[in-house]
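In the part that follows, the structures are each spelled out as structure tokens.
Two complexes come next, and they have one chain in common, subunit A, joined by subunit B in the first and subunit C in the second.
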Partner chain A sequence: MLTLPCPFCGQRDETEFLNAGPTKPARPSSDVTDSEWINWLTVPENPVGYVEEKWWHAKGCGKFFTIKRHTVTHQIMMPEEDSA
Partner chain B sequence: MGRFSAFSLAWNALSHHQKWARYWQNPPLAKKYDVLIIGAGGHGLACAHYLAKNHGINNVAVLEKGWLGGGNIARNTVTIRSNYLRDESIPFFVKSVSLFERLAKELNFNLMYSKRSMIDVVQTYSKMREIRRRMMNGYLHGSSYTPIDVGELRRRVPALTGGGPDSRLPIIGAMVHKEAAVCRHDGVAWGYARSASERGVEIHQQTEVKNLLRDKDGQIKGVETNRGTVLADKVAVVVSGHTTTITETAGLSLPVKSFNLAAFVSEPVKPLIDVIVNCPDLGVYLNQSDKGELVIGGAPDAGQSFRRDMKQSVFEDAVVTMLELFPAFRRLKLLRQWGGVLDIAHDASPIISATDISGLFVSCGWWGGFKAVPAGGYTLAHLIATGQPHQVAAPFTLNRFRHLDFIVESGTTTAR
Partner chain C sequence: MGYQATIKKQAVWAIFDIKGNASVVAKRVADIGLSLPSSANTAYAKNGQHLCWIGEDHWLLLAPVEMEFQLLERLDPQNSSLDCRIVHVSDAYTLFTVTGNHADDILAIASPLNTRQQNFPIDGATYTEFFGIRGLVLRWPDGYLTAVERSYADMITAYFDKITTGSR
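Right after this comes the complex of A and B.
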């Protein structure tokens, strides 16, 4: 069973959480081109490797938090850890 | 190669079935082709077949990293249906279902195509509203969707004994989609491969594409594989689930994410269910195969994933929800479980499109893409041969992202 590290509750079973998708880069400034804007809106990261993503402890304390999870091994790291 | 018929069966029996011709040839890999198709799944092979048959283009190689029919084409739960929601989607899937009906004949290959209704079991009023809207849209586009009451549902699916008035989510009604069907999925891959090979297309297994190659003007010029460089002016990426890993080698990002979808089967039992039962409120669907196994599917794993197994929590969810409605299945033994990697766009509709890289085509976002194999291959071949999208596939290019013109099919059913 996969467990996820809720910053408030600690390691909990993944069935208590909802996945909120990969994180986005910062919102671009208003002078970007149309195609850069569309890319920011529609193109997610899709790596074979670590993806930085949000989870919601929906059936627990309700906190949103960010982790890095490997899309093949499900190994989990904190966003500040180096996944290289 | 010879045609399959009752006569050829009897004739080959005389030589103890030792002399059947090979389904496809294994010629050496050439340096250059007119068209390269990456991925020998359903969509890649169908595209190869229609390129040769409809457009006379047969200097084509299909490159496959594993074995032909080892991907999602042989991992799906074989549901064929056209009860989609949007004006753009329904004509495309109606075309695919009608191509499927004639496919065994067209390919001269027994696909064990079996038309059987799909019945949606409805347990919430919000789902009932959504599904009635789908019914009315279906009427407009020639796809049937007919409401039945709970008594009729239980008469047609006697094994469905759960979901009574005292349960947590009592069944309130059901909807029947008559055009639905199942068929032997690996047969679809083999049938298209056999027909394409007969028309001169080459299929190269164990040939993994590592990189896309572009010339100095940025136009596509070929691919780098584990067996060396292969050149072509037109390259189609048809790799279901792994699209971005390939296009990113040429600097092209796409609006898709990869997910794991899985299924499992029970031991074979006597004929018990002759329809596809879809339970969208609980998130489980099933049908019974010709061998008698129940083929059961659930929801995708929640986060992005490139795994091809089934996660324990997903498996438990599917089993628990199935037992709510089919309590007698508690006694069934389960035999096998497996999964596949699919990519999905934000709106859950497919992408059949040219790209910003001249000569590079993609067919991806196939979330329930088994039913779409004939129309997907047909329209991709049309796009590659003519440079213009086929009429029924025109809404499914990358342009819809440029204009934020989404064709939202997400969250509408559980059965693929």
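Right after this comes the complex of A and C.
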């Protein structure tokens, strides 16, 4: 069972959360091609390794937060841990 | 074998949803003799009132319905000039108490949160998943007080019946 670290509530079961999608790079400028725009808008990166994604503690405190999740091991860390 | 637990649907309670800066909210609830809980997901209880810290800048005040009129006057939720948002939500919730020897076991079926004593403090109060929906769980003498959105009350009652009677 996946548990996620809510910044307010602490470690909680995955079923209390809703995935709010991957964090995206900054919106491209308006002169990009249609395919570049579609790629930015709809194609998430799926590397073997950590992805940064947003989660909503919908059935808990209601907080939105960002985590890094390993796509193979589901190991989770906060973005600031990575930069430390 | 049935569970040794008593589940009671409660009559209406006075409930207020409070959002705002903690220092501002602290001043407002001081007017009714309450302090803010010191830790996240706990409740400060006094004179039958329970002030639950349920989210960042978010509290839920539960009180006996006899206090509702007095609280409406003191908290003045209609006053839009106040610097925190107080909404009277008594009619939006249905409350249940789950008490008895097996109250922990009933909660273990209802919620993925470990509410046993070693994990959930004596003054614990938190929103969690409750039979698949969002519900408030508050520690209560010999068990728990739970609150769910009123439109789900019949569904939750049916779930409790299934658990306690063992029916499918």
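The rule we apply is simple: the second predicted complex is superposed on the first by the 78 of 84 C-alpha atoms of A that agree within 3 Å, B and C clash if a C-alpha of one lies under 4 Å from a C-alpha of the other, contacts with A are read in each partner's own complex, and residues count from 1 in each chain.
Note that in this section a residue touches a chain if its C-beta (ideal position, glycine included) is under 8 Å from a C-beta of that chain, and two chains touch if they have at least 3 such contacts.
Please read all numbers here as calculations on a predicted model, not as lab measurements.
Contacts of A:L18 after superposition: subunit B is touched, whereas subunit C is not reached. In the superposition on chain A, A:K59 makes contact with subunit C only, while subunit B stays out of contact range. Subunit A has more of its residues touched by B than by the other of subunit B and subunit C. Touch criterion met: A:F8 reaches subunit C, while subunit B stays clear of it.
By the document's definition of touching, of the two partners only subunit B reaches A:T42; subunit C does not.
With both structures placed on the common chain, the touch criterion links A:V72 to subunit B but leaves subunit C unconnected. Once the two complexes are overlaid on chain A, the subunit A residues touched by subunit B in the first and by subunit C in the second are 1, 13, 15.
Interface residues of subunit B facing subunit A in the complex, by the touch rule stated above, are 244-245, 253-258, 302-307, 311-313, 317, 343, 346, 401-402, 404. Taken together, the subunit A residues at the contact with subunit C in this complex read 1, 8-9, 12-13, 15-16, 58-63.
Interface residues of subunit A, counted against subunit B in their complex, comprise 1-2, 13-15, 18-19, 21-22, 34-35, 38-39, 41-44, 46, 48, 51, 53, 69, 71-72, 74. Within the complex formed with subunit A, the subunit C residues making contact are 40-41, 54-56, 58, 112-113, 126-130, 133-135.
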